[in-house]
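Letters A, B, C and D mark the chains in the order given here, with residues in each chain numbered from 1 onward.
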Amino acid sequence: MTLLPEHILNGYRHFIEGRYLAETQTYRSLARDGQAPETMVIACCDSRAAPETVFGAAPGELFVVRNVANLVPPYTPDGEFHGTSAALEFAVQALRVRHVVVMGHGRCGGIKAALDPASSPLSPGDFIGKWMSLVETEARQVSANELLTTSEKQTALERISIRLSLANLRTFPCVSQLEAKGKLTLHGAWFDISTGELWAMDPTTGDFQRPLIDVEIAAIQAK
Amino acid sequence: MTLLPEHILNGYRHFIEGRYLAETQTYRSLARDGQAPETMVIACCDSRAAPETVFGAAPGELFVVRNVANLVPPYTPDGEFHGTSAALEFAVQALRVRHVVVMGHGRCGGIKAALDPASSPLSPGDFIGKWMSLVETEARQVSANELLTTSEKQTALERISIRLSLANLRTFPCVSQLEAKGKLTLHGAWFDISTGELWAMDPTTGDFQRPLIDVEIAAIQAK
Amino acid sequence: MTLLPEHILNGYRHFIEGRYLAETQTYRSLARDGQAPETMVIACCDSRAAPETVFGAAPGELFVVRNVANLVPPYTPDGEFHGTSAALEFAVQALRVRHVVVMGHGRCGGIKAALDPASSPLSPGDFIGKWMSLVETEARQVSANELLTTSEKQTALERISIRLSLANLRTFPCVSQLEAKGKLTLHGAWFDISTGELWAMDPTTGDFQRPLIDVEIAAIQAK
Amino acid sequence: MTLLPEHILNGYRHFIEGRYLAETQTYRSLARDGQAPETMVIACCDSRAAPETVFGAAPGELFVVRNVANLVPPYTPDGEFHGTSAALEFAVQALRVRHVVVMGHGRCGGIKAALDPASSPLSPGDFIGKWMSLVETEARQVSANELLTTSEKQTALERISIRLSLANLRTFPCVSQLEAKGKLTLHGAWFDISTGELWAMDPTTGDFQRPLIDVEIAAIQAK
């Protein structure tokens, strides 16, 4: 029996023979000097939307919290365990990151369960239903619109929940104070697994648009 | 003003022109058919220890929850929000992963804060102290042993907390039942940021060892 | 004084010296033999979304009706004037087109007026309000969802109204009968003025997707 | 199965790789700033007489309503649906166009049906007969003149109906008021599919003449 799943070991082998060897000095510096990421990403656990992959990140670049559906609960200092809030506090107060990106993605299983709890395989669970209740009101409102297709509802709630998480982020005093001083910027992003497109939220309107569309058009022109 | 930090956009540009184009069909299949990862990883938010990077993961390969110090709280169905437990439930019950890997790493800031709360910049925080109290008993005991150096205490608690998280994982009925049936395997791993070494936990003894040590040495020699 | 606006005459000059001369034989044949378009397009009057331009159409290729917001009223044989229904009848029964495409587009002024009649400069008008009341129920339902941004509501209603027009098309006996026999196919399309993207409706789900995304990706690959 | 007819997709491909790429900035400006066409065209659905093609129009240049035989019904504020009147209202009151061009063309199928309803394949239809009854009186009078050939009758009614539509346009208060103030100009045009000639109506006499005849002859000579 191996101590780790075979695919994990094979992947690690590629890492150590490839990236680690190429970036040994970076890893050593990061170990010696500590991490100093400029950006925190709040992302989903989904296996298809890893922020390091999509954002082509170098070691030390992104401080990443990942939970189901990339949700940020509102500031609730009630003495209970709040893993995401703890990570936020760590990033903002200890690491002093300058950016927080809430990164959602298409076809999110958590959002799907929120929209259709009855047909979710998780309905009898103890935790996922409670967790997704963070967007319960929004899910109910989107679900009620029978003019939207299932897929349109899904995308709508994915984007609405990013806006909600950004609003919840601002309920944390440390976030709103640093943002007011211009020392912290909040961002929303949505990744389309199928097309590979990255959509960024306009902070004024809340709309999502593709910031690199010029690159795409240039590529077509170069054809 | 750009909608996303410049380094995020540049990284995404590399992704879309490189990896996404090379693996377009994989992304499309994953979008169409849904994710079916074999393995869940519980890892730390640390910017230097991304599981996808260290485990050289393909899209769709790893379902990843990340919180400060890769902790799993014990099973507590109290109706409160439990982000990590929700992710675990999702992975085990909906996605039916076959492996759960708790992945710790060296120089973990959360573990450091647990060992020396007084000097942590986070002491006045609302959340991180509570979160790290999950290993409070263990931290106190390690700290009290004055025979260990500061660095040894750090590594010791990092590994102790991996064993603790594995024990907590087994308090979840869905985990212990599937493990008993041989349908789910739990693993511990610890990544050394400086040397790039991956240490795997022996499930019988709890010891950490390097499963690929020969490969590592050969690779470094070839450098 | 000129008989026609200067820009019209200049444009015609380009046509006659360019396209007409290049395609004189086509025009002569079409004049002699009559038109036999394979496809009818129901499009908006908007100056930025001409179907001949977007679909790169040759003379004789598209039979086009254009009204505000590319709406099709339901089949109502009440002896009143129904310009769009008359055009549909002409295309389907006399010209025997094989395809009908309802082509919507982004930033549609009619849809905007339907979503926000109060702020429309057309509110005191006699006709536009009545015309847009064809999607009044849908507009009210979309408007009520305060979780959507103004722009998201706009896109949602644009696509919902395409689906509604397709449903209304099927209330015409000549349409539904020919469709049942496989002699007529209905399509939905949505053109994004800003990005130039064409989105096509999946007839099963009603979702809009980009049929030429492979071309776009190939272009990026070719970069 | 493709979502859109093959010829539509091929045409779109030419558009996106050709015109859209050449005029990307224009499309973006038009999307961002909204349309501001100077001219509205009321044209026929005929596949051989697209105004954008014949008038070599740029995106954003022409606001176009198209119905069978380019007819304008008289002002009838009866609370019924009037698609053409709604489009006119939109163009004149919201977009404040400065010109309205009624553009007829030769070999118009609608006019032919009006002249000879008995032999029309549309006689049993619910809508086309009613729609063409807008020129019923005129059609009957032209038909009765046995001195004219069939072709002469056709051209005569095509031009008469343009003059009638212009007269009907002036029954709309918003049109006649703006025309009286010199803020709106009405024009008639007739396109000969076979020769490619554009004939413009003299507003004083109602006669049709070719404003660019010198250009046409030179161009054809140069061929």
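Keep in mind that, in the parts below, a contact is a pair of C-beta atoms (placed from the backbone, for glycine too) under 8 Å apart; a residue touches a chain by one contact, two chains touch by 3 or more.
Per UniProt, the chains are A, B, C, D = Carbonic anhydrase.
Being a predicted model, the structure only gives us computed values, none of them experimental.
For the touching copies chain A (Carbonic anhydrase) and chain B (Carbonic anhydrase), the fraction of interface residue numbers used by both exceeds half; the interface is of the same-residue type. The greatest centre-to-centre distance from chain B (Carbonic anhydrase), using averaged C-alpha positions, is reached by D.
Our note on geometry: chain A (Carbonic anhydrase) versus chain C (Carbonic anhydrase), Cα centroid distance of 38 Å, whole angstroms.
Averaged C-alpha coordinates put the centre of chain A (Carbonic anhydrase) at 16 Å from the centre of chain B (Carbonic anhydrase). Remark: chain B (Carbonic anhydrase) and chain C (Carbonic anhydrase) have CA centroids separated by 52 Å (rounded to whole angstrom). Averaged C-alpha coordinates put the centre of chain B (Carbonic anhydrase) at 67 Å from the centre of chain D (Carbonic anhydrase). Within chain C (Carbonic anhydrase), contacts with two or more other chains are made by residues 220, 223. Chain C (Carbonic anhydrase) meets chain D (Carbonic anhydrase) in the complex at residues 2-5, 7-21, 24, 27-28, 30-32, 34-35, 37-40, 45-48, 50, 52-68, 71, 73, 75, 77, 79-91, 93-95, 98-99, 101, 106-107, 109-110, 113, 120-122, 125-128, 130-132, 134, 185, 187, 189, 193-194, 196, 198, 200-203, 209, 211-212, 215. Chain C (Carbonic anhydrase) meets chain A (Carbonic anhydrase) in the complex at residues 138, 141-142, 145, 147-152, 156, 159-160, 163, 195, 205-207, 210, 213, 216, 218-220, 222-223.
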